[in-house]
Every structure is written in C-alpha cells, then in structure tokens.
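Please find one structure pasted underneath; my questions will follow.
As written, the chains take the letters A, B, C and D, and residue 1 is the first residue of each chain.
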Amino acid sequence: MNYALVSVALPMITVVLLFLVAAPVYSRLQTLVTGGLVIIITVISLSTSWLALLEAAAQSTTSYLAIGGWEDGLAIRFRLTPVVALMLTFTALIHLLLALYGTFSRHGVPKDYWSLSCFLHGSLAALWLSADLFNLYVTLELLSLSAVALVALAGPGAWKPAADYLLLSLAASLCYLFGVALIYGRYGLLDIAMLTVVVNDDLITRLALLLMTAGLMLKAALWPLHLWLPAAHASAPTAVSALLSALVVKAPLFILWVLWSQVAPPVMAQQIGPVFALIGILALVFGGFSAMRTPYLKVLVAYSTVAQLGYALMALGLLLAWQQPEMNSALWLFVIAHGLAKTSLFLAAGQMQTTLGTKRISGLRGATQTTPIAMFAFAVAGGSLIGLPPSGGFLAKWVLLEPLLSQPQNWPWVLGILLGTLVSAAYIFRLVVMAFDRARINPPDISSDHVGQWLALVPAVLVWGMALAGEQLIQLLGEGI
Amino acid sequence: MQLSWSSLLPVFILLSSMIPGLLIFAVREEQVSLRTTLNLTGVVLKLFFVGLMLYGVSRGQDFRFALPFLPNAPLVLHGDALSLQFVTLSSVLWLATTIYAIGYLGKAQLRSRFFAYFSLCISATVGLALAGNLITFLLFYELLTLATFPLVVHRGTPESLRAGRIYLAYTIGGGTMLMLGVALLHSLANTQEFIAGGYLSDMAEAHDVGLRVAFVLMILGLGVKAALIPLHSWLPQAMVAPAPVSALLHAVAVVKAGAFGIIRVVYDVYGVETSTNLSLTQPLLWLAAATILYGSVRALQQQDLKKRLAYSTVSQVSYITLGVALVGPLAAIGGIVHLMHQGLMKITLFFCAGNFSATLGVHKIQEMDGLGNRMPMTMAAFTIGALGMIGVPPIAGFISKWYLGAGALQSDAMWALLVIMVSSLLNAAYFLPLVYRGWFCASPQQGWPAEQSWPGQRFETHWMLLLPPLFTALLSILAGIFAGSFFSPLGWSQFIVAREFSL
Amino acid sequence: MAELVLDITLAVLLLSMAWGALHAPIINNGIGLFVAFGIVLALTWARLGAPDLALAEAAIGAGLTGVLLLHAARAIPVPTATTVMRPLQMMPSILLILLVLGLLTVITSSGPDSVFQQTPPLPDLVEERIADSGVEHPVTAVLMNFRAWDTLLELFVLLLALFGVRQLFPGQRVITRTGTQLSAADKPVKVQPWPPLMAWMGVLAPLLVLTGGYLLWHGSTAPGGAFQAGAILAAAAAVLHLIQNLPALRWSLWPVRALICGGALLFLVVAISTAWLGAGWLHYPQPGNKLLIVTIEVIATLSIAVTLALLVTGDSDDFTR
Amino acid sequence: MNSGAFYLSVGMAVFLIGLHGLLVLQDNLRRVIAVNLMGAGVFLVLVALATRTDPVDPVLQALAVTGLVVAISATAFALRLVSARIRHQQHKTKPDDGRLSSHKDKPR
C-alpha cells in the first residue's frame, strides 16, 4: 500500500512545486529541465506502482487503508487490488511516454502542459485508489477540470469544445453526486466495500444507480452520450489527446465497473448487463461508422475511441449479465490495449499532421514515404485496435470471445464483435492504403521529426508486446475485483 | 522449458529471415551490396537450418519450441514432416526469388522497403508452416496478410491501391473468420497441438454443431487465401504487384498458406475420421471441384498473361484441397505432393512471365508470338512449367495428377476423376496456345512493345532473371523423374501420409 | 404554522428565481435573479440547521459566483436577446419537470424504503469519536479529520481551477502588445466607483477581514471554518478590488504563489509525513492534532482566500508574467 | 410530510430545472447558471437528508461544503473559459489561431 501512496503523492507534490517555481517554459533548456523532472517523477511513480502491483498480485485478499485511521466507514478508505495497481502502473506508464514525447519531440507540448499533466496523473491515481463514493466524485471533478484545462491549452480554437466539455462534464458529475446523495440517504454509507454488504434491490437504489450511471456514461463518452468527445479530443494538443483518450475516459468507466460489479446487487446487475452489452455493440458500429466517414485525421482517431469503448462496455455488460469474473480480464485488457494503441495513434497522427501540414486524411497520401515511422506506428497501433494477433487488442478480444463461444445461445453477441472488428479494420486500413499512394504524394511542409516519430512507435510496440505477458495478465485480472 | 538446439532450431529458421528483414528496413536505398548481403545471408542460413532439420526429422528427431501466450494456448513451433515440406518449398523458392527480385527491381525506388517486407513474408510463411497449434497458425496467418499487403500496393498506383483494398477486404475478413473458428474450437476443446488423426474424435458427438460451425468458419477463413470460390477474386486483382511478388507470394506463399491450413485442419485437428463422420469433407470436395473447373474456364477467357496464370493458380491450388477432401491415402499423397509440385511449376511460369514483361514488355497473350526465338531459354522453362501443369510426364505435375486420379478411384468418386480429366483438358487448352505462339509463330514485325537491355548483358536477359526460372524448371523435372526416391517430394509425402492414415 | 409559511415562501422563491435565472429574457436580469437565488438558498440552509453552509453559500454561492457571472456578462457585447420562451411554450417543459419530480419524490420519500425511514450510522460515530479528533465542531471534524482527504483534494481542485484560468491568458498576447485593439472587454474600465461604496468599503473591508478571522478561529467549536473564512476574505478582496484599494494580486509575485500553494502543500506534506513517520496517511498524531489542524486551517484559509480572489478578480494582467 | 421531505423535493425540483435548462438553452452563460442550479439542487438534497437526525448529520453537511467549493472552482473556470472565448471571437479580425490551417485543409 505504501508503494501506491508514493505513486499518488509524487505527481501531486510535483504539481505544487512546478506551480511554485512557475518558470516560464520557453527555452529549449527549460523544457528539458521541466520535462526531465517530470520524467524522473513518472519513472519513480511507475516503479513504485509496479511494486504495488507485485504486492497486490501476491496477496489473496484486498488490502485497505483507512485514511486517518478511522474505521467503520467514518473515513475514506484506499483500496489496493490487482486492477487498481495495474491502472496505477498504466497511468504512470502513459504519462511517462508522453513526458518523453513532450521533452524530446521537436513539436513537443504547450508550456503549461507539464503541471497539468501531473495534475491529471495525481487525480487519476487518487481515483483508482479510492473506495469511497463521494471521494470518487471529488477525484472525478479534479480529473475533469485538469482534462478541460489541458484541452484549452491548444489555444482559442479549442476553447469552445473545452467549454462544452466542461459544462457537460460538470452536469454529469452532479448527476453522479445526486446518485451518491440518494445512496447515502438510503444506506447512510459511502464506503464501497461496506455498501456491498448492505445494499439491496429497491427503487431508490435503482434510481441512484441509474443517475450515477447516466453521469458516468456521459463522462466516459459512452455511446450515445459521446457527442462532446470527438471535438474535444480532436482539438486538443497531440499529447493531450493521447492522455484524454488513453486515460481520462477510462476513469468513469472504472467507477461504472465498481458500481455495478461491486455495489449493485447481482440481480440488478444481471438486468442491466445486456443493456450495456447492446449499447457497446451500437457504439462499436456507429462509432466506427462515423470514424469511417470523417475527413479529418484526429477526428477519426477520436471516433475510434468511441467505438473501442464499445468493446469495454460490452465486456462490462456481459460480465454483469453472467457474473463471470473472467470477463474482468477482457474489460481491463481492452482498457490497457486501447490506451496504449491510442497513445501511439494520436502521437503518430500529430506528427503526420504537423509534418504534412494538413488535418485532413487525404493529406496522408504517400505518408509511408514522407513520414514512414509515424505511419508505421499508426498502422501497428491500428492493428491492435482491429485485434490482430498477437496484439493486446487481440488478447482482450480472445478473452471476451471464449465464454461467448462456449455456449451456442450466446453466439449472437459474437456478431457484434465481428462487426466491430470489420468496421475498425475498414477505418484503419482506409487510411493505411492511402498512405501507400505513390502517384499523388502530399509533400511535407517541414522536415520530419524523427525522435517524435520513434516515440510514437513505442506504445504501439508495447501493445503488441503485451502478448509476452498475455497469460499472466489474463490470470491476474481474471480474479475479479 | 529446456533450451537445446532441437528446441531452438525452429526459432532459428524463423529468425533467419525475420532479422535480416527488420535490418533491411534501416538500410538506405543506395546501399545495394549491404542489402544484398543481408538478404543472401538470410537465405543461406535458412537453407542450412532447414537442411539440418530435414536431416533430423528423417531420423525421427523432434523439434519443438513453446512459449506461453494465452491460457491453454501457448505459441508452439513444431517441425514435423508436413511442415518441413512447406518450409523447404518456401526456403528454396525464396532463394530463387531473392535473386530474381534483385535483378528485376534493378534501380527502382523503395527497394529496401520491398526486400524488408519480402523477408517478413517469408518469415510469416515459414512460421505458419512450423506452427504447432491453431493459435500459432492464426498468428502467422494474419502476419502474412500484413506483410504481403505493402508488397501488393508496392507500385503505389491507383490500380494497385485498389487491388490492395480488395486484398485487405478479403484477407482481413477471412482472418476474422479464422479467428472466430479457432476461438470457437478453443472454447470447446482448448488449443491442442496438431497431431496426426486430430484431437477431436472423442467429442465429435457431444459438440457436433459447434465443431461443424468451427470447421465452416475456419474453411471460410482459409478459403480466402486458398482462393476457393467464391472467395478468390482478390487473387487476379493482386497481380498488379511486381513480378517477384506475384511469383513467390501469389503462386506459393499466400495461396499455399490457405491450402496448407486446410490440410492441417482436416488431418491434424479434426482428423480424417472425425471430419468424415461429421460429413464435412463432402461439401469441401464439391467446393474444390467447382473451383478447379471455374478457375480453368476463367483462365481460358483471360487475355493478359499474368491474369491467366492467376486463374490457373485458383484452379491448381484447389487440387490440393481436392486431394485432402477425397479422404484416402492416395489422394492425400496427391494433394500434399501437389503443394510442392504446383509451387515449383507455377513459380517457373511467373518468373517467365516476369521476364517477358521486364525484357520485352510483353504482357498480353497476343504479343507472345515468336518469343521462343528471342528468348529461347526462358521460353523453354515456360514450356516445361506449362506442360507440367497439364500433367505431361515426366514433369512433376504428372505425378500429382496421377495420385489424385488414383485417389479418386480409391475413394469411389468417379466424378472427381472426371473433374481432374476435364480440368487437364482445359489446362491444355489455355497453356498450349501460348507454347505454340512462342515457338511456332513469327516474331512481330514492328518489334517488341518495350525492349530493354542491361549493361553487360550476355544472355537473352539479365542473368539474375534467367537463372531462377531455369533452376525451378529443372527442379520440377527432377521432382518428376526422381519421384521414387525418399527425398523427393513424393517420397516425403508418402512418409507424411503414412503417419496420418497409420499405414 | 409559521414554519410551514416560511418553508413554502422559501420554496416558491427558490423555484421561481431558479426558473427566472435561466429563462429571463435579458441575461443580466438572469444573473441578478441567480444571485438572489443564492441568498434565498443561504436562508434555506440556515432554516435547515446548516449554518456552515449558509455562511459558505452567502459568500461563495451568491457573492463570488455573482461577481464572476457579471464579469463574464460584461464580455458579451450586447445583452443577447436570446429566444425567449413564452409561458405557453414553457408548459410542456414544466409539466415534464413536475412529472419527473413527482416520480422522484414518490421513489425517495414514500414506502418502507423511504430515505426518511433510515437512520444513518455515521452521525453517531462522529459524535462518539469527535473527542479524539482534535476539533469540537462536528462539521469541521469531518472536514479536517474524518474526511480530510476530500478536503485535501478540494484544495487541489481550487489550485487547478486557478491554473486553468491562468493558462487562458498566455503571456505576450498579441492584442495587448500591439495595443491597437484595446477595448472595454480587454481591460476593465477604470471608472470611478460609486462614492458611497468607496466610503463604506473603508469600513466594511476590515470588518470582513475580522469576520473571516473570527470564523476561522471559531470553526473548531462552532459553525465556521477554513472555507467559510477563506470565502469571506476573498469576498472582501473582491470588494476592495472593485474600489481599487487593493494592491493587485499578481501571479508573478512569488509571495502570492506561495500563499496560493501553501494550503495544498502543507496538507500534502502532513499526509506524506504522517504516512512515512507516523501511523498512516493523514493519521494525525494524538497529542498535537488540534495544533496541526489549526495550522492547516489557517494556511488553507489564506490559500483559499487568495485563490478565490484571484479567480474572481484576476484579469489578464495578473496572470501574465 | 416533514420539512426534510419537503426540501428534498424542492432540491430535486431545482436540480430538474437546472437539467432542463442545460438541455434546452444554447447560450453558454445560461448553461453555466443551469449547471450551478443543478449543483444547488443536489446540495439541497444533501442538506435536506441531513435533517433526518438530531442534531443534523455533520457528514452530509461536510459533503455539501466540499461540493460547494468544488462547484465554485469549476464555475469560475467555466465562466473564464466562456468569456475568454467570447472575447476572442470579438477580436477575431486576424484569421489566425496560430495552428495548423494551411491551404491544404481546404476541401479538394
């Protein structure tokens, strides 16, 4: 647990320090120093959360830490489970990758990025650890505010999407808080583990869960509440888009999972499960369809987030419907694989966009020659989204497919996965094929930034490298909680 | 897991092309000798390793490498007799094609990219051949798709992009089907290793629906690459790729990957008995027969040389499926040996077609008049390949057709024999005119469409273009003449089939 | 009876002002109604026995939000004549709201599961352990001790909001540099404030500061505490800023930054050191917890006050370096 | 009906009014007010629930205080964002926003 605390406290301390120093990050040297500091912090955070993961994997029971030492639900509790530890590690990893990108890529990040990204890191870490419904609300708000501030970094052009994002996100948080109020009204408790024991199936509980679910779905941009996402993710600076897509939308999903798999009574979970799964399939299809039609590169990647979250929601839905703990590993593998792949996609898209001087997909003609490494990264990461073996996306899909296929009455769900796979293949390869065009090459505006392109490739390689730890990951996550 | 040379040899075979491939990505365009050295080192190493393994397997040694991947589904590379046949074929032909490609591409752009993906393709093919279970097979099957795609669109022209799109649409769709099939089978029986006679016999009754569905899904997936109708249309389109690609990949690696997969599924997953009991082989047989006839008829209609060869491939590859689906030892020998023979002959034909177009600009069949005078050696190799395809002894094609026919009789499928005969007639009808034009018609008055010469050229064309077809043509004759020996493709196929049918 | 009349009056006021704040034809009227709504809400909370909230609401909800809203409204060139709904058009919406409201009320407040049938266990627990908490007032005990982690994060939320606002004013804005396009929207108009306000503020501001200090000190035993005090101090700062009697709070001054970060930093340091050296994360050492809490509260109050003041009053000059 | 239940309903009504406003209104400033009303509604619900016990539930009141501070922070940020945007639009005489918008972005 102490390791986990370090991984929470470090980014928060960094925030305050950066804030206090408030050095204007203008020169190359200052960027290097700030970036270097953040890299060191994230490396330490990554290693401590890795230790926490080992610790969590070794224990058979969930470990709790009552903050302030107050027991019996009076205080907020931290909770360390394999999933939590994994998400801590994952958050630190993505932050580290982006910090490297921001420091060493020529196109880099806006000057205020650093403290905000640490804010984001800290709030996410606090969120993963929290086992208290109201505390989750506070961390969610912290997360949303830092996400919006990061989007607004892109400059005045991004202010409108940022404002829309903020308003919707606030409204969503309040829906969630309303639900929390009702839960407290009904049970007088906020601690998740304690609620699990007492909660029962009645109208108030249903209403509360419904309100919280609506709010969380809006925040996670789950179809059909996703409309704010493409604008916000596409207009943000490159590294920020990656953060948002890889991490931020996963947080509400995490809470949704906690709510339905741990707080809600199984009967209710079984009822809502098929609905989630169905929404997931619709998200896959419609999100993918929108991604196929958009003329803009980053909008395509953003819509693919909407689509890919459909997989995760489907895994969640089926987990609830059948109460099969194996589905946990499908859900979290999707989350991790998607996060890594999306980081790569956004970084690659940003590189190509800057080098080729256009936001349009049609500008990618000949990108295999003009920005070969970025395009390669894009294709490789895209392969994981499609679920080509042995990528992380494939692992997740495989785990999801197994229980579906073993019972013939579940086969209709497979059609959803099939559709999703084909649609994602369509929008990824549409772009890849275009990049091989040698007849009408779009000449680059500036010389390409090799370091940035290689850094874009790193997460793509990592997501394929997940195959090496496939069996361990599946077993670790499959234990439930 | 103990690491010994016998467990690492399959990995070495795989890496001997993969590592040069990855290194070539980093090679600059103008570093020709470095690239060539890398390529040839890979080829030589691979041939050496394959030779070692052949020797080992013939002496009963077991080559197996495993890596944990998914629960109950590790990655396994296993060198058995059947996989070695495919590996040997790919490696030998890789040697020929590498030399050919160096000559063919000359000073074209993006050669590093081309050779890199080319090596990766071979690695994927070899991996697929060595795959010890379905999940490993699936993995390399998809990698093969991905590695071939850049080669299909290599020219980057609008029509090659179009072909690339079609190729991807088919192969990704097929790959998804295969994945579903494999996953379904895994959920029923876990992913076990390939074993002669299959591993599903004791659950055939309990899960007959599931097994049937899985079989159909997998055949759908494999059928795309094996170009079974109606999943074949990508193959003629993909002929826009450069000649070495068409030659090695679309005559050998890719289509054979599909056919090889069908062999694996029928023999080593389901087993002959189980697949017959589930009445799965009969529909497959019909499908194969229909593809053979359809491909031949369409080949007859083509006026473009490479298109005609492509449809001929569609037809010929289905002989393998036919042999498998006939379910008898003789037919099985015919099918498996045809995997080898068809590869040798068809690559000869593609090399020759590439020579015609690279040297003289000849693409259409009407333009072939008098080629025998201008390029006698190439035309001779072409003739050998064509006659072999028709089934003229002593060329290799005869052996496979003979065994297939005998197998049809053995399985009491007279109509299948009829199909083989009709198809041979059609083969003759679409190949003999070409041979006739080449040798007996007069050269065109106005000269060749686009004649090219290389500095220091001593033969009818660049020596690197000439040598490979002669080599493969020679091999296809040798394979026919020495069919009786143990190390011939036929002898090896008998060795494989003896295990499968426990003769 | 009197209570009932009061309740109904408050409810009617709340609802009509809420509706009016949203649907007033002129936005400035809407803002006025919203501020009034805040004041009525503060009254409501006093009525419901939540003086802590009443204080916080009066200062934060009504006062500071109102200033912010007016500030934002000033950016709009002409009061926008947004499409106003006529009463008849509103009817379906109102009916819908009533319907949903009825449903919610039935679900929450009727039947055996009604929230009013439940007795939450936590208030008793608070009462039982308040003696060990180092604070006598239960709300403060919850805020500063039992749920101190929430409060810590909340300080970070404030910090973050300020940071978010700050980066909307990146240094070297083209417009202010060239100086050609300066308008009312870019620089607050330096009009001479209303003289009586000037006179009053001279008296009011020290009073507000005193009140803030009192609330803070008082918070450990009675309603009041860091947030309320901080908010009132910020309100004082805002008023002083209005009459231009306050030296500008500038981001570039390090004492300002130190004040802003102080609360969050101290709290975090306490958390880390209690985890490292003491019994656990935010587990205050038993003797001395009172002192620790008071220290945190004082620093936090100053942080909150400066942060809120800068959030509300700061303009681009204050944020650029 | 005791006063707690009464104010619970009032709180929910305020929440619904805010939600409705957020959905139907276009003007960002009004939408900020709408979100604030939603917040006020939820806090009212919290405080109404706090009256169930005697003395009133300190936990709920503390939650409301925390919620209020979070709300003001978010509101301040939202309003600054909205007004910054409005100002920017007014000054958009120069077509730049310093970002990628080259001739290549014009539809072909």
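Keep this in mind: contacts are C-beta pairs under 8 Å (C-beta built on N, C-alpha and C of every residue); 3 or more make two chains touch, one makes a residue touch a chain.
If you're wondering where the values come from, they're calculated on a predicted model, not measured in any experiment.
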Comparison of A-C and A-D by number of C-beta pairs in contact, larger one: A-C
Chain closest to the assembly centre - both centres taken as Cα means: A
Subunit A and subunit C, separation of their C-alpha mean positions in angstrom: 31
Cα-centroid distance, subunit A relative to subunit D, in whole angstrom: 25
Gap in Å, rounded to a whole number, between the CA centres of subunit D and subunit C: 13
Computed distance of Cα centres, subunit C from subunit B, in Å: 74
Two or more partner chains touched - positions in subunit C: 104, 108, 115, 118-120, 122, 126, 146-147, 150, 154, 157, 160-161, 164, 168
Contacts with two or more other chains, residues of subunit D listed in rising order: 32, 34, 49, 59, 63, 66, 70, 73-74, 77, 81-82, 84
Sites on subunit A at which at least two other chains make contact: 134, 138, 141, 145, 148-149, 152, 159, 182, 184-185
Full enumeration of touching chain pairs: A-B, A-C, A-D, C-D
Touching residues (chain side subunit C, partner subunit A) in the complex: 104, 107-108, 111, 113-115, 118-122, 125-126, 129, 145-150, 153-154, 156-157, 159-161, 163-164, 166-168, 170-171, 251-252, 254, 257-258, 260-261, 264-265, 268, 271-272, 275, 279-284, 321
Touch list for subunit D against partner subunit C, complex: 1-10, 12-14, 16-18, 20-21, 24-27, 29-30, 32-34, 36-37, 40, 43-44, 47-53, 55-59, 61-66, 68-70, 72-77, 79-84, 86-87, 90-91, 93-94
Contacting residues of subunit D [partner subunit A, same complex]: 15, 19, 22, 28, 31-32, 34-35, 38-39, 41-42, 45-46, 49, 59-60, 63, 66-67, 70, 73-74, 77-78, 81-82, 84-85, 88, 97-102, 104-105, 107-108
Residue ranges of subunit A in contact with subunit B within the complex: 366, 368-369, 383, 386-390, 395, 398, 401-403, 405-406, 408, 414, 418, 421-422, 425, 429, 432-434, 436-439, 467, 470-471, 474-475
Subunit A residues within the subunit D interface of the complex: 134, 137-138, 141, 144-145, 148-149, 152, 154-157, 159-160, 162-163, 166-167, 170-171, 174, 177-178, 181-182, 184-185, 295, 353-354, 356-360, 362-363, 442, 445
